[in-house]
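Both complexes shown next keep subunit A, but they swap its partner, so subunit B is in the first and subunit C is in the second.
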Partner chain A sequence: MGRHCRHALTQRTYTDRQHGFTLVETLISLVLISLVMLSAAMAYQYFTQNWQRNQSNFLDVRENYRTWQLVHQVTDAIYPKVVFDDNQVPGFYFLGRDDGFTGVASISAQDPSTSAVFRIFREPNQNNGFRLVYEEATLGQQALQRAGQTLPFNFRRILIENAASISFRYQGWQNIAVRSRAIAAEGFEERIATPEWFSDYDGMERSLHPLAIEINAAGVVWFITLPDSAVAELSRYTSDV
Partner chain B sequence: MGTRAQGFSLIEVLMAMTILFAAVTTGLVAFQNSQASSAKAAEVTHILTQIETLQSSIRFQLQQPVSETAERVTSGQLEINGVQVQWQATPINDLPPPARVSGEAIQLVRYQPRYQLFEVALQLRYDSSQREFYYEELVWDATAATL
Partner chain C sequence: MYNRRSQQGMALFQVLLIVAIISILLLIIVANSNHAVSQAQRLQQQTQQRLALYSAINFIDQQLLTSNWALLDEENTARVLPELNFYGYPVTVPLPERRSYDALGQTLELRLQNLESLISVNSPGNELAALLERRGVEPARAQRLVSELRAYTQQEQSLHLQSIWDVQQVPEWTREDIRLVRDVVTTRGGLPNYVHAPDALLPVLLRSGVAASISAMRASGAYDQSRYSELTNDYGDMVSNFFPGSEQRVTLTAPISGLTSERDMNYDPYGLTPLTRYYGTMQRRLDPERYSDEWNDNDN
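Right, the complex of A and B next:
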């Protein structure tokens, strides 16, 4: 009973004090609120757009950084892989041309626990220049045994978007015969032969693996050094008489 | 009571506005700062992306065989993906391989210095960001003669 009375009392005081807003007051306040809301919404939209643009720029740069790191790791892990051609002659799975090369690495950019066949090559772009492309086919459970094996190159990244020119060169010995003679002559004064630079290097044809790869993108040289273990590697597949 | 609650006084309105503006301004400044640092981070990451390729390029340049007439190239300027690069290598050591005992006459064969250690100073600039790096690079001349 007492509670009810107090409630009624407060109700009465409230209605006594407040007479409500007039129509004009309400309209003015509505207009003001909507103006403020509108400008706040516009500002918010502007800021989020700006932020998104900024953020996506950073994400692109970070993705590019990641790709380069992975590709550097893969090129550091190139190794001379012996495969057989159609006539059962062993050679190395490496094919270098003026516009790119294909090689084998013990890790892949997609999965560090599996080896991969990859190729780095140039490709014309819309601005009359070239882009440098990395493509990869992981080997996984599949064994690489034949030079003519077809592989699914399903991983593609663009390393350089636009360069005026991109060219490839390979340093290595002429072929296995020259290399063998040079090994036999080691320790003597006279030099039989030295590694040279070639614009193409076929590991099957020369029965050797190159020692270095030079990728020249408009004056900036990307230099990849490779292990010099081709002869030792090949000796496991051939028998000396 | 009725006379007191007629509306806000000028002081009250001013104080409320000041607080509101302070809050909005702080928010804006924080936002602008974060945006500037995001842009800066993007620039620096772009610079860092080029490092490994540049190092291989410099190693290649230093490793070039030097003929008797020409000087070794120990500095350079280049541009890679929009990044301005300046590098300078200073030799800090030039050492021979250890002496070897020759077969015929039992005596030590000593060599000319063959292994050169360089300190490389690398300066990269991209838009408003600039970074400097220092590292050492070892190169060798395979054809160095005996003494």
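Right, the complex of A and C next:
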């Protein structure tokens, strides 16, 4: 009897262990897991949104970086482009004002296999500040020969979205006569005329091209150096330089 | 009994399913974050390499402006340039130990190509036609291209070509034609100085045996302008000389990243002490102890 009872008890215990989860236990566990899942899903959604926001910022930064790289390559390839005015007098296709400038580069931001006329200028934005804008007109098969030639500008890119102030100035010689006197003085005088900074620089009026451009965006200075080959270029067209 | 076992199996399946879903979500998150982090790291690396290259370009310019091109001036302790050649063979330039150059490694590869030793598109001749033919253009078309270019540059009130890509404004010329020859032509160049012509141009300019000899000498490091004169019987004259000009095509390559910069530069050397490109109070690098007036002026 005792053995039988012990056997029955052992069997019941074994059977109880086999029962596993009851419906209530399963439901409770499902509810708990659902809550965990819900929390996880919400956390994931928050994480994803945050990530996408960061990624969007990252993509903007990357795009901005690419644009700056392209524009930097263009400004690195600026050269003193000779053109004629209406009286067939040669000068340089460069016009710098205190709100921007137009110049010529041997490559374009859109296409490295063509030269381009480009302009970098400031324009007011909605926040009472300024944005710095780049635009260009690729030359391709179109020759640039006249100072007054009309060109279709496109490829507009915003380089700086919001700056409290943006100013431009240009380093160069006063005009071709001053430059020529400085060349003549080389080797004879210890100190010769030096280039000056101007708030405007017209390559046709001065018959010269600037040596450097300074763009000051609220204290951040972008300094572009240009080749000093204007006199050599002009000497191909005139006999008195 | 059967139902209970079935319930037990269902619970296990549900748990496994949920664990699998969570694992997949976690894997997606990790993959996304890894991808974005590697993208950001790549961009940072590229930016650092580019900025380091820009910095190194200025350093090399400063070296070229203040070092003697012809001699290894041993007294110039700031000089890092090795012996230079002007026909586009690479030389290795060690960079100073600065953190800003870390992204580039310890050295840069520098190639200088004298622009006067290239074919000028502003004075096209038979050499250009021969070059076009060697690069695969049919002889008749090569002649036509040269004729059109000559007509364009010689027309009345025409402008000189200032950018090589402006050649596409000449009738008959296409971008592909320009790409074929752009490594050995220039819009610059004064009197031709073929002592420093690149190897690719030598067969067009010289007899094939002479061209091959010059290339072999260059490869062995035994080439200079006297060897050129011996081989070609061209000894220069009062008008044309064999010294490299101020205008050079400068190609810098970072060996690690392969980043390359190519620029046509005018270094304006002034005798043996180059004229700096900044016209300040001092015109030349006057150092009376190292450079006497005789040194400064003996090349002008």
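The definition used in the following text is that the second predicted complex is superposed on the first by the 182 of 241 C-alpha atoms of A that agree within 3 Å, B and C clash if a C-alpha of one lies under 4 Å from a C-alpha of the other, contacts with A are read in each partner's own complex, and residues count from 1 in each chain.
Everything that follows uses one rule, which is that a residue touches a chain if its C-beta (ideal position, glycine included) is under 8 Å from a C-beta of that chain, and two chains touch if they have at least 3 such contacts.
Keep in mind that this is a model prediction, so the values were computed, not measured.
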| item | value |
| --- | --- |
| Residues of subunit A touched, compared between subunit B and subunit C (which is higher) | C |
| Contacts of A:39 with subunit B and subunit C, given as first, second, both or neither | neither |
| Partner chain(s) touched by A:219 [first = subunit B, second = subunit C, both, neither] | first |
| First (subunit B), second (subunit C), both or neither touched by A:154 | neither |
| Which of subunit B and subunit C A:140 touches, first, second, both or neither | second |
| First, second, both or neither for A:30, with subunit B first and subunit C second | second |
| First (subunit B), second (subunit C), both or neither touched by A:65 | both |
| Touched partner set for A:47, first subunit B, second subunit C, both or neither | both |
| Contacts of A:55 with subunit B and subunit C, given as first, second, both or neither | both |
| Contact residues common to both interfaces of subunit A (with subunit B and with subunit C) | 47, 51, 54-55, 58, 61-62, 65, 69 |
| Contacting residues of subunit A [partner subunit B, same complex] | 17, 47, 50-51, 54-55, 57-58, 61-62, 64-65, 68-69, 72, 160, 214, 217, 219-224 |
| Parts of subunit C lying in touch with subunit A, wherever the complex brings them together | 1, 4-5, 7-8, 10-11, 14-15, 18, 21-22, 25, 29, 32-33, 36, 39-40, 43, 47, 50, 157, 159-160, 162-166, 168-169, 175, 178-179, 263, 266, 268, 275, 277, 279-283, 297 |
| Residue ranges of subunit B in contact with subunit A within the complex | 1-2, 5, 31, 35, 38-39, 41-42, 45-46, 48-49, 52-54, 56-57, 59-61, 78-81 |
| Of subunit A, residues touching subunit C in the complex | 18-23, 26, 29-30, 33, 37, 40, 44, 47, 51, 54-55, 58, 61-62, 65, 69, 76, 79, 81-84, 88, 106-107, 113-115, 139-143, 145, 182, 186-187, 190-192, 194-195, 211, 225, 227-229, 233, 236 |
